[in-house]
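For reference, the structure is listed below as structure tokens.
As written, the chain order gives the labels A, B, C and D, with residue 1 at the start of each chain.
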Amino acid sequence: MTIAAAAAAALGGAILLLSDGRRALALGVGLLGAGLSGLAVDAGHIVGAVALLAGAIVAAVLRLRSGPAGWAVMPAGSTPRLILTIVTSLIALWIAVSVTSGDGTGLRFAVTALLVMLTVRLMLGAEAAAANTAASGIALTLGAGALLANGGAPDAACIVAAAVAAGMPALPRRETHGA
Amino acid sequence: MTQLLAVALSHGAALLLYPGLVTLVPIGIALEAIWSSVSPGSQVLPKFRLRRPQIVHVAVALLAMLAMVQAGTPFNPVPPAERSVIIAVAALGFTAWAELALDPELVATPGLLFVVQACWVLAVLGPAIEPQSLRPQVLGNVLVPSLIPVKVASGFLYLLCLPPLLRLWPLAPPADRRAHPRFNTTRALVWLPYCALFVTLFFPPQTDDLEGLARFAGLVIATAMITMLAGGLLSRRGAERARGLYSRVVPPYSVLVLALVIGTLIINH
Amino acid sequence: MEPELTVALPAAGWACAAALRPRPRLALAAGAVFGVGGIVALLLSGPGITSYDLGLPLSVSPVGRALLVVAALALAFIVILAPARAERSTMLAWGLAALAGMAAMAVAPELDIAVMVLLGLVLLQAAALGRRPYASRIRGPLLAIALLGLGLVFARMTGPAALQRLAAVGLVAGLVAAIGALPFVHEFDAEEMTATSPVPWLTFIGPVLAIVVVARGRELMPSAVDVMGALLIAVGLLNMVYGATAAWRVDGGAAAWRYLFMADWGLALCGLGLGVADGLRAALLILFSMLLVRLPLYLWSRQALRENVQNDRPVNLLVAAALAGSAPFAGFPARILLLKGATAMYWPLALVIGPLLLLWIPAGLRLGRTLGTPTGRQLLGVGIALAAGVALGVYPQPLLTLAGL
Amino acid sequence: MPPIALALPVALPVAAGALAVVANRLGSGACRAIAAAGVWAGAAAIVGLWAPLRSTLELSLGTLGFGVALGLRLDAVAVVFGLALLIPIAILLTVQPRTWQESAVIALAAGSALLATEASDVVLTAVAGCTAATLVVIALGIEDLDAPRPLWAILIAAWLALAWAGVQLQVTSGTAGYAVVPVSALTAPVFVLIAFAAAVGSGLYPWRGWATRVWSRSSLRSAAISIALLQPLGLYLLFRAYEMGNGRYPQTILNVAVALWGVLVAFGAASRAQSAPTRRDYMAEVLPCLAGFAIVFAAVGSTLGLVAALVILVSESLLVTSMPLADRPGPSSLLVTAAGTGMPAGLAFGGLLLGLAAAFEAGGALGLIGLAGVATWLLAAAAAARSIRLPSGAQPGDDARPRLAALLAALALAAGPALGIVFTVGYSAANEVLPSSGPAPGLMSLATASTVIPAVALLGPLLLVGAIALVIARPTPGAARSEVAPPLFHFPAAALAQRTWSAVRSASVPAQYRSLFNAHALEAAVAAARPVLWLTAVLALCIAVTR
């Protein structure tokens, strides 16, 4: 279950990195949220898991309303992004399995991989919809990252993360060069 | 208050009478007359006329008086403890520049004159560094073997500097183009202070009696004669030789004296 | 009083001011009422008192409280004496939104939550009308959030000591990227509205964020506190040198102001990195003066910058002195405290910092001129800002006491 | 008298400055009157506070917040320096016309400078001194922005150095209070910082510094103010260093080094003075020359030296007041020249006499420096003599007050017999920082280690005789009044130094390498927010912490 959830989250992140279309972005954020939610359940944080899943679903649904139409998975010139996806996943796996120790290997892998992938997505220049979705993904990942903490308020962090992630695609996009 | 007045009166007497103005003027005129008669070129004797003094003469006379009362002349009303060689140096040093300020015709090559004056300051104050005293008699009385070389070298440097300081060298001021040379009153005013200071600094102090007075006077006259002799020699050798001597020989010698002073300091500490 | 009110009331004020934008006076009044309410709530909520009303332990540290109070004062000051062409209700709305976010970051029990609040602020600003493309507006702040997230993740992983050091890199780099200091400078457009430009990150939100990140970071990585301090000092020195030099040499007055803010951040980061009380005092003085003196002066200089008016009247010379960090303005005691902290920690560092402090003077002289010829309300504002600078420089004890120092 | 009254000397000028700003609508004259009244009141307050008890008064007003206690301390040193600062400012504010901005800023600067001398703590002195320096630079800028003025950075560097010395004292001993700092805390590095602040803060260098250049401004109003306010503060720091070191500097070599610096400053000024093209250029070198001597005397390390430095300080105060007022051809400028060069039997003459005597009586290296000092004094005298025939160089303006200038200069020239009184005051001040076991000085004669200078008995009659003689004297006939004497000498090194300096100033990166140092390209790369640069920076930081 852990492996599947971590793989789903990483796959969601990869789709966000490799796609430009609204459907693919929605699918990516949904998968990402579902995977992180599964990892939260695995870590014993049911409230956090529900919050993450809900936030991801809302973000995905809202994403379907705007952004470039279609899927646009791996459009022309996305080879570097594909290479980055593979390299990032491998390094994250190495860190989660070999470098670090303790429980929650899957969560460590997913959080590390997702943060790097989504940041790279933003750095490589993203259209507003993709950038917003990546930001939603980052929010959900940060929420999941709080589950690594011993103590504190991880569920609260997940709830806030879900709220931010869900609200993000709803924000108006303004590209005009006024003011 | 009465005591203050008495002290002020005695110092005033020293400034105006002995060893001050009334003493230094006739002796200075006499020495200047001798120099005028022996020096090549200007055989000029003073013409005594009762008239208001020139401001340059007043300024030089005041400074010469101040310097003179610092000297170790026998019967000096100023107590030995109240004399300072720095006052004498400053007063005599100012005389040259008072002339430059008030009558530039009297000062030839002020730059070179300053160099000589700096060497003279070294000759006067160099020996005062090690004893850490500014009392003229104390400096004259220094007979510590380790300080004798500095004292002798400084004394010779003092004598070397006297001809230019008294303008006995053949360097004429650029403005001095008179057909008839005049009696040099300002020089007459500083003959005695320069020579008396030399005697005070480089010979043991004289006692306050006639013998001491005679010995002091003899030493002063001897110093004046040596200075005149040096001046005469310089005049004979010509201006260029004199300029060369005081720009190329005396400064390096002063550096040597300075090295001697520093060496003495190092050895004695 | 509960700390959550210090978040809720400014947030409500922002909502009202944004909703009532078509009726500016009403928006201004509503925003002002809620804003003042927020400040009152903040002042009444004693530092260290924890509230569990939301099921979370919410409390504000004395330093965070002091910074929030000063930020609120700065906002009131800017709105009351707003530049000629600025719309006060809009300024107030943006300011209240930022203030709510800053308060939320300050009271958040976990750094994760503070980072997510920061993310919310980033996207709120990005959603506004701006001259720069959307992607370039969010790129820098989102990199900051990702770096902070990575730092948090590494800090919580169990493994070799290097992980803690990498966590320190993540937190410091994230902080620097969030405020837009070197080497993570945000793209800048001199003509852009201040609220949507990188300036609020540098001058308004940055101070609270820095205090939160550094304080929480030290709790998270006790074994990497030295590394974190060293990184803060290194980045601080970089900002001091480059920022102050660029503020003097760069073309364009607005860009020069931005670099001067970076140079000030250099001082603040050095102070925070020293890890001694005097360093923290120095950093706070710099941040207070950034909020109360430099930000208002920058806003009032924008009009003159647009019209390219420069002047050398006495008031410009006084502003130059204030910007140059000369006594009696706040910069001088801050520099003294920085030197003291550096001497106490490692005196050669003071030898490096000391000469760098002189780089502010040419920049200050240049930027003093950019204020043009202030008159009327603007002149009054400049006077008040300078007086605040003198008060901070001569007697900073009250504010430092408010900050628990 | 309540202890808070100790704040009056500082508060009154500051309040007057603030009032002058508020009352600017009343016009420049009224504001100037307010500022002048404030400064006069400050000076009066110092006398009023000090005269009744003549013992140290202290006041602590709590901490300011940056590790400094707002403590005021009025002792004899603070009184002498305070009056030396305030009285020239008060006179100049009273008699010279200026704008309300200038008057206000100068009054504030006077208050700050006074706080620097009344502060009980090194760091507070640094803050106050930096404030005074900043306000002085602003005052100069208000008068004429393009005219020569001190480099702001240099002044702030000086006061930052003092602040650093203060915080070092706080770190090592927990306090930077002059009276309470442990002797062991005043280490050589701390003293070097203090000496740096003293030299740079007062603009006293062997080369032509701002203290000289400000006199080439078209108007001397603010120039004189800047010298009167900033130059004494340097000497003040050298005095307080004795107090912190319990009457000594950390090492004797430091006394020699400071004295050497002072004599170089004096010699540099004198040698520039002897080649000055105008009388105003000559005048510009008078105060640096005297200030250099004051540094020498302060560094000697004896009570006599400190008193001599204070006598020179008083002479400087009289001169800095009279010089801008005598800025036109005439007898007043001749009197100022005579007073400035230390003519017998003036106050400067007495100060130089005492100081040089102190140097010789200290012996060793200081004796040699005293020797150089005497030569420098005579060079200054030669420069003064030459300056009499120089063209004035004064700019037309209504700032000059020749009668008052002549009166002040005559006072400085005739004050020799009163040297005993000045000596007694200076002795009590010097005793604060360098306790002396010797007998208290008399008013009539001054005792040094080896001689006694009968100030009244010798200089009194000399002055009397001189005055009478000068009255009856007649000008020298035939003296070429228009002829300007050439410089005594030219420094061969001066031209080389000038060439080197201009070469350094004009140094630039060769064209073929400029692309490496292209600031605009770098700025573009940084401001364009390139992700590659960011990611590289992160990578660099990671490598830095993990290697």
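For this structure, a couple of remarks:
Everything that follows uses one rule, which is that contacts are C-beta pairs under 8 Å (C-beta built on N, C-alpha and C of every residue); 3 or more make two chains touch, one makes a residue touch a chain.
Remember, it's a predicted structure, so these values are computed and weren't measured experimentally.
Relative to the centroid of every protein C-alpha atom shown, the closest chain centre, again from C-alpha atoms, is found for D. Taking each chain's centre as the mean of its C-alpha atoms, subunit A lies 69 Å from subunit D. In this assembly, the C-alpha centroid of subunit A lies 100 Å from the C-alpha centroid of subunit B. Subunit B and subunit D have centres, each the mean of its CA atoms, that are 36 Å apart. For this pair, subunit B with subunit C, the centres built from the Cα atoms lie 75 Å apart. For subunit D, the set of residues touching two or more other chains reads 531, 534. Multi-chain contact residues, meaning those touching two or more other chains, occur in subunit A at positions 123. Taken as a graph of touching chains, this assembly has some other topology, since it is neither a line, a ring, a star nor fully connected.
Subunit D makes touch with subunit C in their complex at residues 62-68, 101, 105, 112, 123, 126-128, 130-131, 134, 137-138, 141-142, 145, 152-153, 156-157, 159-161, 163-164, 166-168, 170-171, 519-520, 523, 526-529, 531, 533-534, 537-538, 541-542, 544-546. Listed in rising order, the residues of subunit C touching subunit D in the complex are 136, 139-140, 143, 147, 162, 165-166, 168-169, 172-173, 177, 182-188, 227, 231, 234, 242, 246, 249-251, 255, 278, 281, 285, 312, 314, 317-318, 321, 324-328, 332-337, 339-340, 343-344, 347, 350, 354-355, 357-358, 361-362, 365, 394-401. Contact residues on subunit D toward subunit B in their complex (touch as defined above): 342-344, 349, 352-353, 356-357, 360-365, 367-368, 370-371, 374-375, 377-379, 381-382, 384-386, 388-389, 444-445, 448-454, 456-458, 460-462, 464-466, 469-470, 472-480, 483, 485-489.
Within the complex, the subunit C residues that touch subunit A are 55-57, 109-110, 112-113, 115-117, 119-120, 122-124, 126-131, 133-135, 138-139, 142-143, 145-147, 149-150, 152-153, 156-160, 163, 192-193, 196. Touching subunit D in their complex are the following residues of subunit A: 123-124.
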